[in-house]
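Each of the next two complexes has subunit A plus one other chain: subunit B in the first, subunit C in the second.
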Partner chain A sequence: MGWKNRPTQELTKRGIDEKRNGGEEEWKKIRVVVRTETGKYKMSKQINSGVFVAGLGVISAIGNDIGETLAAFRSGRPGMGPVSHLDTVHRQIPVAEVKLSNEELALRADDSRGVSRTALLSMIAARAALEDAAIKNQSSLRTGFVSANTVGGMDKSERFLQDFFVDSGRGRLREVVRHECGSITEWVADRLAIRDHITTISTACSSSANALFYGARLIRHGLLDLVVAGGTDALTKFTLNGFNTLMILDPQFCRPFDEDRAGLNLGEGAGYVVLVSERVAESVEVYCRLSGFCNANDAYHQTASSPEGTGSFLAMKGALERGGLQPSAIDYINLHGTGTQNNDIAEATAIKRVFDPRYPPMSSTKSFTGHTLGASGGIEAVFSVLSIRHGIVYPNLRFSKPMNGFSFVPETRFLENQEIRHVLSNSFGFGGNCSSLIFSKL
Partner chain B sequence: MNGITASCIIADHAVRKNGKLVFEDRHADLPGFLLSVYQHFGLNYPRFFKMDNLSKLGWLAVEILLKDSFRKADHEAGQVGIVLMNAHSSLDTDLKYFESAKDIPSPSLFVYTLPNIMIGEICIRHQFKGEGVFFISEEFDAGHFVRYTGGLLDADVLQVCIGGWVDLLDSEYKAALFLIEKEVLPVEGGQSRPFDVLAKENIEKIFRGEKGRTKEE
Partner chain C sequence: MSVYIRATACISPQKTFGSVPFLTAPVAYTGNRLGCVEPDYRDLIDGRLMRRMSRIIKMGVAAASWCLREACAVSSPDAIVTGTAFGCLEDTGVFLSRLIDQQEEMLSPTAFIQSTHNTVGGQIALMLQCHRYNNTFVHRGFSFESALLDGLLLLEENEASNVLVGGLDEITDTSHAIMTRFGLYRRLPVSNFELFAADSKGTLAGEGAAFFLLTNRPSANDYARLEGVTTFYKPADVPAIENRILSFLGSHSIGTGDIDLVITGQNGDEKGDTVYRQLQGTVFKDKVLAPYKHLCGEYPTSTSFALWLAANILKTGTVPEVIDSGGRYLDRRDSGNPGERQNKRRVRRILVYNHHQQVHHSLLLISAMEG
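This part shows the complex of A and B:
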């Protein structure tokens, strides 16, 4: 695999011990004690709590795989455009669709026609992540699938309702069988033959960041060896109409972190990482470490962040503490950066509180992919890892006017040959649910 | 032992705290009644006027439940949680939103088209940050309620749980909330009720408006 950054031999026990002397919290050894049926205790071998990223898979409006995605970033080509696949009356609103029809997606996802677009996107990206990880003895590892989404099989339910509304005796029930968010995860897990632990997380726009967070904890506590973690969401009338009702959709292409920003563009896609334990990491190639993660809540408003960015501040601060890092260690921030008035001011305020006066380069890749909701944390986790792998910083498109009251601006150029050691990725959701992840170079 | 330290029932245009009638307004329609409860108890919270009827009902019931019965300073925000149930989810507002969407969809109605938004309103008011969950059930399932809240308290997920039933559709409504605390100390006036194996029957009694088992019995 071309984009792995370390040959296996270098990731020796000795190498890890040396790193641990650097004093980073994550490298501490822990022991898991389990009470057995006899009432006595069984102690695991002393295990290390590091969590590593071994594989990546992504599909979004800017590419159906990692190669296409990187090419789009390099050429500054965004994924938004007029509606072409979604069945909606709101055809004037720009959206960032994956550039494949359901039939084309089905061909790529095991020839599974009639399945929700949410599941097809998930299948394609999650399988790509496993193929990228190329773990030979996967069947002997305790493997989990932690997948996030917010719409479930809503696209199919909407089709069902068209007939059902007219006559409650009509409508194909097959189309509502996978309405529920968890059934999307189960459908994909079945096809990937993952059985040891399967769960779905749905916490609005921070969903898939929380999936990585949870997957990492399962590994840290010695419960699983490998977790495919991330999320998926397809565009639906449900989300487009909902965000339209909230009046936070930009009728033009979105302008994150710009003073004149006017809302977000909705997108769709899926992004997954393969997380592995330190023991597994010793025998496979890995990209980087998931070194910090934190979830916090604003308790402020159902669909808005607090003006002080309390939740965002606590999430970033907590992730830095978990990773044993100072703010100055962060080389790139992948912003949540939706382009709404409220999110960007809250996020910028929180960034000021954490980073002032030294700001690392930062950008919102939603200026390329649109806001993919439950998939965004997974997709942006993939982007964050690729930033470390290739030493790149993504441009924040269509930025022209700095936000009042802030001394920093997002990066607008595609930067190459950067030394990127630590990347902070933000995902903040409705309900005040805020999560930050930190990826660190080995 | 976990105990019920207070209850509040709002139904039939009357408010009962710990089984005692504390307010009644037989003449108003539902929005008018909710407003008169707000005014009677001297509450001052501008957000109240933005809420839908379901959130207003739940929010008022929590205000009255906690008044003189709960000292916020004694508990950490993360250890106070909310467990609610109802039969009609947010259907009352869903229908109003559906009507509004025929013209211009209303953002202020849309926000309330989920029942757990009511949990959000209560948490925002009191800055509670513990576990929150909303169950939809045709009838109040006291057994499930007792098992779930008891589980949260016994596993030390929460120290305090505010929970019960808040249901509303058109002019039909009922709120029945319980304040359940871990390791309850005797409360002056004997208001504390045991929350043990008899809890299901006890909760059902209070829910029906009958006198629950008190600590003295």
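This part shows the complex of A and C:
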């Protein structure tokens, strides 16, 4: 990618200026979109520079594809349960595992080499997103893969190191060849034949929200036409034990935003969206626009969130400003909502600062999927887009007691036939990394 | 839009950190592992914060801190972007080995919470109380380049007027032992100054942390202009690489004739270095190719060291003899006394070309400030 002389550079710059000045209203004036039979949208006229979502792919504890996922939401069926695939002594801790063994995942991902579970999940969801986007001339587009994860091929490295720590000459090297986060991304990119731009982001639990953010910016700058963006993480002993030592794992199913919440449940999965430029969006069907995004840092503590929710507040506020939206325009908030005392009070405080006194419906889908760490921003981006697409709000399971000091409560019902125009999705993580995304109906 | 390198700081296996002469007394190593020459961190990092920091976190925070100190006008940047392929290997290894030894019981969280790849970026933000944009790229031999590109995009978007960008990776005993088993390093002891003397298999392990303050406004103290960065993944063959190099230069309206010095990622591994040799016969014909990995060793974010090197060459107007003395890659028409050559020929524009394990190829273009 050359830095200069990019054909769409001027257009991109103009787009950014228009966003700043006119924002959402400016954009609406010039849009001409038609809803198609599939429920996606087709654009019939040149509009200003935006980034659009053309495809979705997800796998998590509540479903191996979008159909299963929506069915689980509809029936209020969470994905948590006793450990069945992960090799750990902590079998009493509930986890939200994808309901397929490595062998079953490998079959679906066309792998015969025993690659990391993280890569298999990524492959299944990213390929599904591309299939959903159904872009005919993809090979002629400048295509990127921006994927996120937090521990790479750790599931394999753990096995290798058991032997290696006994004797440094032992352990099968093929089990550590994909230890690096980036090598998970490459394994998938190679199979999807994506070569133009490949990178990996790791900002703990906000990783894949930042992947969408970065992918969108590569498109806005005219560097790429299409980006598959999202993230993946498999459960590992490393992360399960890590969160266990922090004593923030709920021994029961988690209760996000409940006064008596007792911690998070770890989950696993992958979620990707296909982001396309305005030019590509003119010739394919799209779901919605990625209209706002912001990345901020809490700068308070390596793992804990500040009591004022500074990072979360700045991320939400920045995303609204970028989208040219007032808080009242948001129809649904997909919360970060891990279920820990610390996260939920910081996030609730930030929400109060942004939204008081009018709160949109909000829920934590981690009450279904568990906290999927580096995948959560991607998985929840898919949920956010589906919320717009189907006019639905997901229930926040197991909520009973409102948090002290807050006048709002999460939505506990599955709501249908809603007019959902703008969805805010929050992702916050270790290292103070906080990112918010906004998806907007056309 | 122009981007300027306002300040830079580098902790490497050479004496590069702080107010030191520019590579006038290169450090010699024998063996296949080049570890960093580390400063006294007590002057640089708050003792309370430092207590739990592993080596890579200290190196990163110290380099970032010195970089900002050098850029004195900037107390806190508008964005912090780091690139690291391996992240915090030491803490990861500590937590894993205890997890295995203690069979998942009675573990302490410290190593785990410091093991995430964004720890250094987060710790810098914490130290500076910087609430702005913060991102970490972890893509093998593209980690630093991705961070640089992100920084350039932020400046172009006017989201930031200055961006702190860093590249860093560490060697640990575990990682070195594993990568040795992969056959990546020289098996027989060799001086780092003799790395390019004979064709052989493998290279030297390296590590380092280099940070840069990039701005969109020039100042009198800037090191250089950062004109561009590009990456290309698994190019099919050498002609494909040549095309990428020429189109990158073309996108900046220049050709190879406008490049005064090519800093290359040669690492002494005969197979990997073939690429550079072939390019010397084609697009880099008549160019001075200067290697850098005998100074810092091979690691996925080593281009951050190369950028530090290039920025210093352009600022000081000096090409250190240690990257120019082998004779093997020198333009013969210009092979006079090295000292005289430095005076005679002022380097105005540098291209850094590196490939990491022939998979990740990248180009950086840096030029001298005007005047």
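Quick notes on this one:
In this text, the second predicted complex is superposed on the first by the 392 of 442 C-alpha atoms of A that agree within 3 Å, B and C clash if a C-alpha of one lies under 4 Å from a C-alpha of the other, contacts with A are read in each partner's own complex, and residues count from 1 in each chain.
Operating definition for what follows: contacts are C-beta pairs under 8 Å (C-beta built on N, C-alpha and C of every residue); 3 or more make two chains touch, one makes a residue touch a chain.
Note that the structure is predicted; figures quoted are calculated from it, not measured.
Partners subunit B and subunit C clash in the overlay (superposition on subunit A). Once the two complexes are overlaid on the shared chain, A:431 sits against subunit B and subunit C alike. In the superposed model, A:301 lies in contact with both subunit B and subunit C. By the document's definition of touching, neither partner reaches A:81: not subunit B, not subunit C.
Judged by the touch definition given at the top, the superposed model places A:237 against subunit C, while subunit B stays out of reach.
In the superposition on chain A, contact of A:183 is made with subunit C only, not with subunit B. Judged by the touch definition given at the top, the superposed model places A:327 against neither subunit B nor subunit C.
Annotation for subunit A, partner touching more residues between subunit B and subunit C: C.
Touch criterion met: A:158 reaches subunit C, while subunit B stays clear of it. Common to the subunit B-facing and subunit C-facing surfaces of subunit A are residues 241-242, 244-246, 297, 299-303, 431.
Contact residues on subunit C toward subunit A in their complex (touch as defined above): 80, 85-87, 92, 95-97, 99-101, 103-105, 107-109, 112-119, 121-123, 125-126, 128-140, 142-143, 146, 149-150, 152-153, 156-158, 174, 177-178, 181-182, 227-231, 233-234, 247-248, 250-253, 359. Residues of subunit B touching subunit A in their complex: 77, 101, 105-107, 110-111, 117, 120, 123-124, 127-129. The touching residues of subunit A, when paired with subunit C in their complex, are 1-5, 16, 88-90, 150, 157-158, 161-162, 164-165, 168-169, 173, 176-177, 180-183, 185-186, 189, 195, 197-204, 210, 214, 217-218, 221, 237-238, 241-242, 244-246, 295-303, 310-311, 314, 429-433. For subunit A in complex with subunit B, the touching residues are 241-242, 244-247, 297, 299-303, 431.
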